[in-house]
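The structure follows.
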Amino acid sequence: MQWGSPSEFWAMGGYGLYVWTSFGATALCMVWEVLAVWRRQAAAAVERRDVA
Amino acid sequence: MSFMGINWFKYSSPQAFHPLAGKMIPWFSAAALALIGVGLYIGFFVAPTDFQQGDAYRIIFVHVPAAWMSMFLYVIMAAWAGIGLGLNARPSFMMAQAIAPTGALFTFLALLTGSMWGKPTWGAWWVWDARLTSELILLFQYIGIISLRASIDDLRRADRASAVFALVGVVNVPIIYFSVRWWNTLHQGASVSMTASPKMAATMVTAMLVMTLGFWMYSFAVTLARVRCVIAERERQLSWGKNASIQQVAEAR
Amino acid sequence: MFQTVALSGSRGERLLFSDVSVTVKPGTLLAVVGENGSGKTSFLRMLCGLLSPDGGAILWQGEDIRQLKELYTAQLTYVGHLNGIKDELTPVENLKLSACLAGDKSSGAIVQKALEAVGLGRSVHRLPTRVLSQGQKRHVALARLWLSTRPLWLLDEPFASLDTAATSYLTQRLQAHLSNGGMVVIATHQEIALPTDSIQHLRLAR
Amino acid sequence: MSQPSMSEALRGVVRRDLLLAMRHRSDVAMSVFFVVIVASLFPLGVGPEQAVLRMIASGVLWVTALLACLLSLGRLFTADYLDGVLEQTLLIPQPLAVLVVGKVFAHWVISGLPVVLLSPLLGLQFGLSGDSLWVLTLSLLLGTPTLSMLGAIGAALTLGLRGSGLLVALLVLPLFVPVLIFGAGAVTSSLAGIGSEANLSLLGACFLLSLAFAPWATAVALRIALE
């Protein structure tokens, strides 16, 4: 374990901005994609019931 | 056609595939969450700080898996497209259709994280390195495929036209990679490379591989969920079509 | 002999026809009739090999046209819904080029004779097709039949926008083709003035 | 039964397209003027310094050639598609890929060849001289047919679609990248005195590769578009 304190962890040796933007953007995009597929699935399910 | 006691042939039709995909999604999602969790733990708490790049190198734990996935997914998409064209199989076109957006997303992330890594390491947000450039062209091709599909109304034509373009692109990307490398030697530009320092600690490699595996599982889950949407949406169109044509039998006399 | 076996086709997701089995023997004509939108054009394009069937097969002399490929297209002349002629070229140039591309004889004299046979006088032979009327353009497209030496003719609404004189010329030409042992598939709304024993009807219902 | 020989069919396709181009001479002239105007705008934007102009010459002229090809792609199949000639072309009893080569050749004669012939003049505008001027022309001569062949794939895929002009650019420009790199690279390396043979032979390889695959892919795309 190389982090002495939480603030040291967030600072990432001075590169916090770059590291956290990368990981944050990745997480955000993935969550957004999952939500988008989920909503599309819900919409498709509703229309299926309408047809049946 | 039985392999491990499962009748695979049965699942080649969309109707049978739909529930099977539904059963597989939770498992893949759980595996994705677990693997990404473990990967992040190793990446942030076990892997040591790099003595050259400091902690900025930790970006490669998302950058490299995203870049790999963007290429894997393109090749897999092109393979499905090729199978679809060769065997005239609708389910393979649906798979290709479902993979494209996830592939495009990973390509975008690879570019974004690449420039995040590049700024502190090279001092520039963007460098015309062979890998980054081919990644950019890959993104254009993903966008091309998605918009080609979107602008064709006839499903059959949309499937087949985007499949042809996917196959053309699979030849193009390696050519671009080598041509940009060639171009870099000509211009004697910054001789840069995305490969991290030659002696990467074993824990760094482990973190990267675990993250990649997690991204694989994530891609499986999302694509399967999307292919289910595609099947459902197409079925709906089909049932509309059936209602529209009441009398279908042609009588010959 | 030309056959379709259990042929079915669709447009988009809409099924147009299914299980169509017909046989066209040398010297006979198949008239495909039906309302607008019943799939006559799709049926004809399928017979050309431009459209692939959903099911079933099309056989030429007992062999699947998907296997024959260019060997089959060398047997047919297709006059489609679109004329397939260039507006900027003259009727003579248009016919010469299409005859040359079909491998038929294409000297100026032969082409002019064909144009006169459909009722296009010499005065329009050297004008750009652009200035001709719709009916005259149709004449130019149909004049290809006077140059064709191929056994199978596939004609999509050939009588549409023709006057009575041209209709009778075309009927005579069809008659001559049939008596030479040719085969014709024609999509039409009109009755064709040919001996009934050589005509077969296929009704496509919507 | 009658069948044209392969060379007859090929000649017929080329002759028709060239004949049509002769009737529309203004279209051909327009694409030439487009190249001249675009190439003349760059010095006005960048400034008149010879050294700078010489450095950007290859890139600017190549991108201009690329855009000229792109703009003329709409003409390649659309007119034939609308008047039914394309349908008849598909029924010619010769392999469609061969006929596509004929159409692409005619397209190159109309849109690519004028740019090649004009390039020495444009090169002079940018201060290129002697050897590099000659390399520029040669690289365009080798590269523009490749552009036409790759462009044909995009033109066939987007045939008859709404907004096909922009879509064609989106699909085709990524395919043009290697040709651009080797073509402009040939001129740059000749200016640097390294020798342009390597780039030119890579350009030739691109030409052969696209000659092998592009007409075939275009033929598949045309059949799909006409279904």
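We just call them A, B, C and D in the order they show up, numbering each chain from 1.
The definition used in the following text is that a residue touches a chain if its C-beta (ideal position, glycine included) is under 8 Å from a C-beta of that chain, and two chains touch if they have at least 3 such contacts.
All values derive from a computational prediction rather than experimental measurement.
Engineer: Look at all chain centres (mean of CA atoms) and spot the one farthest from the centre of subunit A.
Structural biologist: Chain C.
Engineer: Could you let me know which interface, A-B or B-C, is made of more C-beta pairs in contact?
Structural biologist: Looking at B-C and A-B side by side, A-B shows more C-beta contacts.
Engineer: Would you kindly tell me how far, in whole Å, the mean C-alpha position of subunit C lies from that of subunit A?
Structural biologist: 60
Engineer: Averaging only over C-alpha atoms, locate the centres of subunit B and subunit C and give their separation in whole Å.
Structural biologist: Subunit B and subunit C have C-alpha centres separated by 47 Å.
Engineer: What is the distance in Å between the mean C-alpha positions of subunit A and subunit D?
Structural biologist: About 44 Å, centre to centre.
Engineer: Measuring centre to centre with CA averages, how many angstrom lie between subunit A and subunit B?
Structural biologist: The separation of the two C-alpha centroids amounts to 17 Å.
Engineer: Could you check subunit D for residues that touch two or more other chains and list them?
Structural biologist: 227
Engineer: What does subunit B use to touch subunit A in their complex?
Structural biologist: 44-45, 48-49, 54-56, 58-59, 62-63, 66, 101-102, 105, 108-109, 112-113, 116-117, 119-120, 218, 222, 225-226, 228-229, 232-233, 235-236, 239-240
Engineer: Spell out the part of subunit C that touches subunit B in their complex, as residue ranges.
Structural biologist: Residues in contact with subunit B: 10, 12-22, 201-206.
Engineer: Can you list the subunit A residues touching subunit B in their complex?
Structural biologist: Subunit A reaches subunit B through residues 1-3, 9, 12-15, 18-19, 21-23, 25-26, 29-30, 33-34, 37-38, 40-41, 44-45, 47-48, 51.
Engineer: Which bits of subunit D are touching subunit B when the two form their complex?
Structural biologist: Contacts found on subunit D: 153, 157-158, 161-164, 167, 170-171, 173-175, 177-178, 181-182, 185, 188-189, 194, 199, 202, 206, 213, 217, 220-221, 224-225, 227.
Engineer: Under the stated contact criterion, what part of subunit B meets subunit C in this complex?
Structural biologist: 153-156, 237-238, 240-242, 244-253
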